[in-house]
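Two complexes come next, and they have one chain in common, chain A, joined by chain B in the first and chain C in the second.
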Partner chain A sequence: MANFITRTRGRQRLHWTDWASYAYLGFGVLLMFGPVLWLVLSSFKTETELQHYPPRLLPYVQQTVTLPGYDDPLLVFHVTQGPLAGQDVAQVRRIGLVSQMVRPDDPTTIVKVPIADREPVEHVALATSNYQKLFQRFNFLRFLWNSTFITVVATAITLLVNSMAAFALSKYEFRGRGTVMAMVIGTLMIPQTVVLVPLFLITRDFGLINTLWGVIIPGAATPTGVFLLRQYMLTIPDEILDAARMDNASEWKIYWRIILPLSAPAIAVLAILSIMWRWNDFLWPLIALSQTENFTLQLALNSFRGEFTTDWASLLAMTVLTLVPVVAVFAFLQKYIATGIASTGGK
Partner chain B sequence: MADLELRGVTKAYGAAEVIKGVDLQVAEGEFCVFVGPSGCGKSTLLRMISGLEPITGGEVRIGGEVVNRRGPAERGLAMVFQSYALYPHMTVRQNLSFGLENLRATKADIETRVTEAAQMLQIDKLLDRRPKDLSGGQRQRVAIGRAVVREPRIFLFDEPLSNLDAELRVEMRGEISRLHRRIGNTMIYVTHDQVEAMTMADKIAVLRDGRLEQFGRPLDLYNAPANAFVAGFIGSPRMNFFTGRIAGGAVRLTTGETVALPGDTFDMAEGAEVTLGIRPNGLHPVDSGSGLSVTVTGVERLGGESYIYGSTQDGTAVTVHSPGQTAIEPGGAVTLAIDPAEAHLFSAKTSKSLRKGAAS
Partner chain C sequence: MLKLITPLMQIVDVPMRALQRLLGPRRLAWAFLAPNLILFGLFAFLPVLVNIAYALTGSDQILLRDRPFVGVRNFTDLSQCASYLDANSCKIDVFWRAVHNTAWFIVLQVGFMVGFSLLTALILNRKIVARGFFRAVFFFPVLLSPVVVALIWKWILQDQGALNAVLEHFGYPTVNWLLNPSWAFGWAVFLSCWAHMGFYTLILLAGLQAIPRDVYEAAQMDAASPWRVFHRITLPLLMPTMVVVLVLALIKGVQTFDEVYAFTGGGPGSATTLVIQYIYQTGFAGAPRLFGLASAASIMVALVLVVLTAVQLWITRRNANG
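Now for the complex of A and B:
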């Protein structure tokens, strides 16, 4: 493995194509991971630091000091000019262009320093307050629960419904089977935005607007899923089903005990895809859910962006938390996705 | 344990008729082999008996009851498939017990029956393995075991040995025969291999194009084939066929030779077009005297016996079985004496046997 990754075209030195390859790959890594890294680092920045110009990659925090006679910790500055030049002092308050400072060893004597003559004393530190705020000020757990509930239940229903449809379409001979399959595939060509309004009307008439089920049910049967599972099930020999029929198995039992376990690789692929679709889904939940207590994480993220102000610190922190489950699912199961999609010939 | 009866059974896919009326009676405890070339409908017939394939017309009776409308599960049969069709995700034990679980047998009952069957088939050490970890022969045993544990009324085998190598096939052949003697159930066995049919069967049903050509005991089929097809299909190497015409109470072959046959054995209407059939061991090379003159094209020397391949003047292929070792070389000519007692005579028009008293 290490050999494979580090092999080069040039024998001793790196050939120019090696440089080009590494540069290209490095650029790719930067392109893919740069924004994610930026996001994660930014989520640990304070609101002040986020507003800092020019932006800095690492999260910095200004040093503070607690002095007797002051209730709150005071910000520490390094004075560059004037009588206190070269000293670190604490700022009591700032009035216009002048800040009132005290020396840490003499907290009662106030010294006035023009703000141009001082520099904040900073060090790299993670501001976890953004994350704490999510749990304290916003109902993060509620959104997490909504998202998780929708993802898990919808994926379970999707797997059940799609695998049943795929079983029927792959293993039973009936009149119109080809037509049904063509119609299922045909729906792939209709963009979601086109059916959005009729879908909304139907969902409303069923009284499912503003419920989590209104998000779960409409998307439960996916043509991609049916197609993917059907293609896989076609490879299961019919003789095994015949053997099960001879073994007194009912059709339901054949589905449950034979077809499902044997389709496990394809079902795993669909499960992963469904989890990612549902977790990242935005448009339909935005339409179907309008009350905050039903919001998914994606909708909650959206609500941080106001017309006039945006709570960047919370937005970034929640974005990171929202990413974690999908990244985890993908990281652990990506090998199944690749092999599964390759073996089913799906997209 | 039950007998099986087919009455005018037909099967059609739309306009295409694949089984064209089969009548057959298999007595209780008999080992019956369906044999025929590929595409003759033998597997379809078996699947119709099993219930996996619906019956278009006629009746299938098992133990006297008409089972046409019953599903495969309700007929009380068990089947061994060509591809074994073991459940790949289950262990051998689960494979064996799956059917019993579906029959709602008790745990203890399943345990004893699985153990018993596994011991009988010598797969008791493999019970916790999965099918992919088994060899072809072991999978075959498991497939048979899965049928045995069910204690079915009739066993159905669909070309069960065709995926095994030659040596294993002979071994399993003996094993299935022993199994039949031991449990004594009715068994229906489908194969395209006439050697399997001859060695295993109590009764053979020869099928062609969805029709039953002949049904009877192996040696009856061999000794008195009902038509030229059965004569050619049963026996290895194949029977030799020569065309000719009845002239003066004897057969005058198109090559010019005359073969005298005992008149009381065959219907020999003067002038009738006939096919003379003689098995390779009914022809003997002779040094002198009259006979069929043949150009030798090949010789197979197996040590204990030899096969001589040749062709007559009109190009008909001839195979001769010669016991022991022969000095005949390819390229030479040889004269063959025909043993009249080994001769079979068929009508050239209907290809039916002209043997007196033969079932037509």
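Now for the complex of A and C:
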């Protein structure tokens, strides 16, 4: 093991700069992963445990016991002082500073114990109550459906529309091509953030405000996508197209039978980017959607955020469920994502 | 999936074939461009014109024909200040507070983020065991949604949160982080760096790896000190990438809204209200909806972005041409 680590600088020993580098990276792992891990652990805590201060790292659940004569499971406490000291007893009810306890082997005799003299019997366990509540009390599936629908449909439209434009711009010589390219570059300078008011008004004129289509359509054609796909399609040799034309293939057939399959890597990159943009999109949905039943997950999360009080128990569970798809996609497609983002960002 | 697409494409083939016969293969390019250009036109270029129209008209009416023409009054209102350095002396003080906040935010966020991204990229560029893993660790927050990022840190920083518990454990006084204007602003800068630095690290790392090995070998022959190698080789050769990263970070910085809004809602008071949030509040969240002011403010932001984007395009083109 030591040999494996010290391999860094060939046969030499680790230089102090290597130690410093690993210390920095170790700190980075803590700072980047720590908060997310803390979020996930917290989401599996019961509401009582979330109130616990100082917070404990692992989620604890208090032990319960079902006794004859009582409908609900009773909380189990360990008594520290008094006649019952050292025994585990179940609490029937609590009145002020005194709790009424029964011994599990004698569920009819009630003993009064001051609450200072008992401590809960707990064990580490994942409480799924927050997640269950999400499905029972909130319209979580609705938000999930909205987000998924927007992401999938918008990505499909983006891929189709952008790849068609990129095909025209990379494989045809026609008058006005330079102007169109300049237009595409021009749209790069007009992000949604600076045309919010007119975008809202135009979308409203189409009757799309407060519909999922109002979120999907305005951002469906992306300049980034046209650029990315065009650069890739330029590398496809024209001879293949000419050969297909010899065989009397229509231009549309050339587009979807030859160009699309050959640009699959670039299309995959754009698909990943588009899924990310749409799933995480916030400002435009915030403006375009005002009815709760149309909310995306991001909007639902934001609406939970109260000014002074926040329902953290539900919020934590929902946050975790919102980031699960992202983490899953990342885990499988890490390499694609990294190169895709580097190539468009560094463009 | 493919079974669904194939018949669809075959159906589209019929009108496209007819169009091809009508236009000839060369002019068919416009048919391929049409959907994209219509969307660009409706949702990117038309908005610019509508934006100007609304910026030049007043009142809270939504239809353009109901709105009285007011000339540049929205712009003069926005820029009417006794002193630009003192937001309280401005006619619309919230806007200038947002401008000041955004300026500070950009300076701090871009500075720290690019600084740490460079440091991280330099370290990842060394001979490191499990480099791919570490690179992924720094990168993955880029994929998290701004709202999720905001909530993750809000959960840690809340009054009874993990950070205060740790502070108390070691005997330090606890702080109500999000109710203190300076702390809230500082944390907003921090979480924005946390979320985005992986992206810039990745670009800088690619830039570092593009520096030819033999330059370093030559330096080693001359027994140049590590600092001198960094100062005289790495930094100058990384400069083009560095400039791209800086401009990109600036463009994104000006547009910051999501994570800060979800984190603090702009508060406490207006301590973390940024320009985009001002536009959102003026045009959409508040009543009356002052579309004119919001449009005027967004045109001002757009001018800044146009300059920055033009610089970016000019630089990338210059880099590409060697």
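One rule holds in what follows: the second predicted complex is superposed on the first by the 311 of 347 C-alpha atoms of A that agree within 3 Å, B and C clash if a C-alpha of one lies under 4 Å from a C-alpha of the other, contacts with A are read in each partner's own complex, and residues count from 1 in each chain.
In this text, a contact is a pair of C-beta atoms (placed from the backbone, for glycine too) under 8 Å apart; a residue touches a chain by one contact, two chains touch by 3 or more.
In this text the structure is predicted, and so the values were computed from the model without any measurement.
Visitor: Fit or clash for chain B plus chain C once both are placed on chain A?
Guide: By the criteria stated at the top, chain C and chain B fit after superposition, with no clash.
Visitor: Between chain B (first) and chain C (second), which does A:L262 come into contact with in this model arrangement: first, second, both, or neither?
Guide: first
Visitor: Have a look at where A:A23 lands relative to chain B and chain C in the superposition and call it first, second, both or neither.
Guide: neither
Visitor: Please indicate which partner A:A244 is in contact with in the superposed arrangement: first for chain B, second for chain C, both, or neither.
Guide: First partner only, chain B.
Visitor: Where does A:L234 make contact in the superposed view: on chain B (first), on chain C (second), on both, or on neither?
Guide: Touch status of A:L234: no partner.
Visitor: Pick one for A:I217: touches chain B only (first), chain C only (second), both, or neither.
Guide: second
Visitor: Should A:K253 be classified as contacting the first partner (chain B), the second (chain C), both, or neither?
Guide: both
Visitor: For A:L141 in the superposed arrangement: first (chain B), second (chain C), both or neither?
Guide: So A:L141 meets neither chain B nor chain C here.
Visitor: Looking at chain A, does chain C or chain B touch more of its residues?
Guide: When the residues of chain A touched by each partner are counted, C comes out ahead.
Visitor: Does chain B (first) or chain C (second) touch A:L31, or do both, or does neither?
Guide: A:L31 contacts chain C only, not chain B.
Visitor: How many Å separate the nearest C-alpha atoms of chain B and chain C in the overlaid structures?
Guide: Superposed on chain A, the two chains' closest C-alpha atoms are separated by 8 Å.
Visitor: Could you pull out which residues of chain A sit against chain B in one structure and against chain C in the other?
Guide: Touching chain B and chain C on chain A: residues 245, 250, 253.
Visitor: Considering the complex alone, what residue numbers of chain A touch chain B?
Guide: 237, 239-240, 242-250, 253, 257-258, 261-262, 264
Visitor: Can you check the complex and tell me which residues of chain B touch chain A?
Guide: By the definition above, chain B touches chain A via 47, 50-52, 71-73, 77-79, 81-83, 85-89, 98-99, 102-103, 146, 150.
Visitor: In their complex, what parts of chain A are in touch with chain C?
Guide: 4-5, 7-9, 17-18, 21-22, 24-25, 28-29, 31-33, 35-36, 38-39, 42, 53-55, 160-162, 164-165, 167-169, 172-174, 177, 180, 183-191, 193-202, 204, 217-221, 223, 226, 245, 250-253, 255-256, 276, 279-280, 282-283, 286-287, 298, 301-302, 305, 307, 310, 312, 315-316, 319, 322-323, 326-327, 329-330, 334, 337-338, 341-342, 345-347
Visitor: What residues of chain C sit close enough to touch chain A in their complex?
Guide: 9, 12-13, 16-17, 20, 25-30, 32-33, 35-37, 39-40, 42-51, 54, 62, 119-120, 123-124, 126-129, 134-148, 151-156, 158, 160-162, 165, 168-169, 194, 199, 202-203, 206-207, 226, 241, 244, 248, 255, 257-258, 262, 265, 276, 279-280, 283-284, 291, 294-295, 298-299, 301-302, 305-306, 309-310, 313, 316
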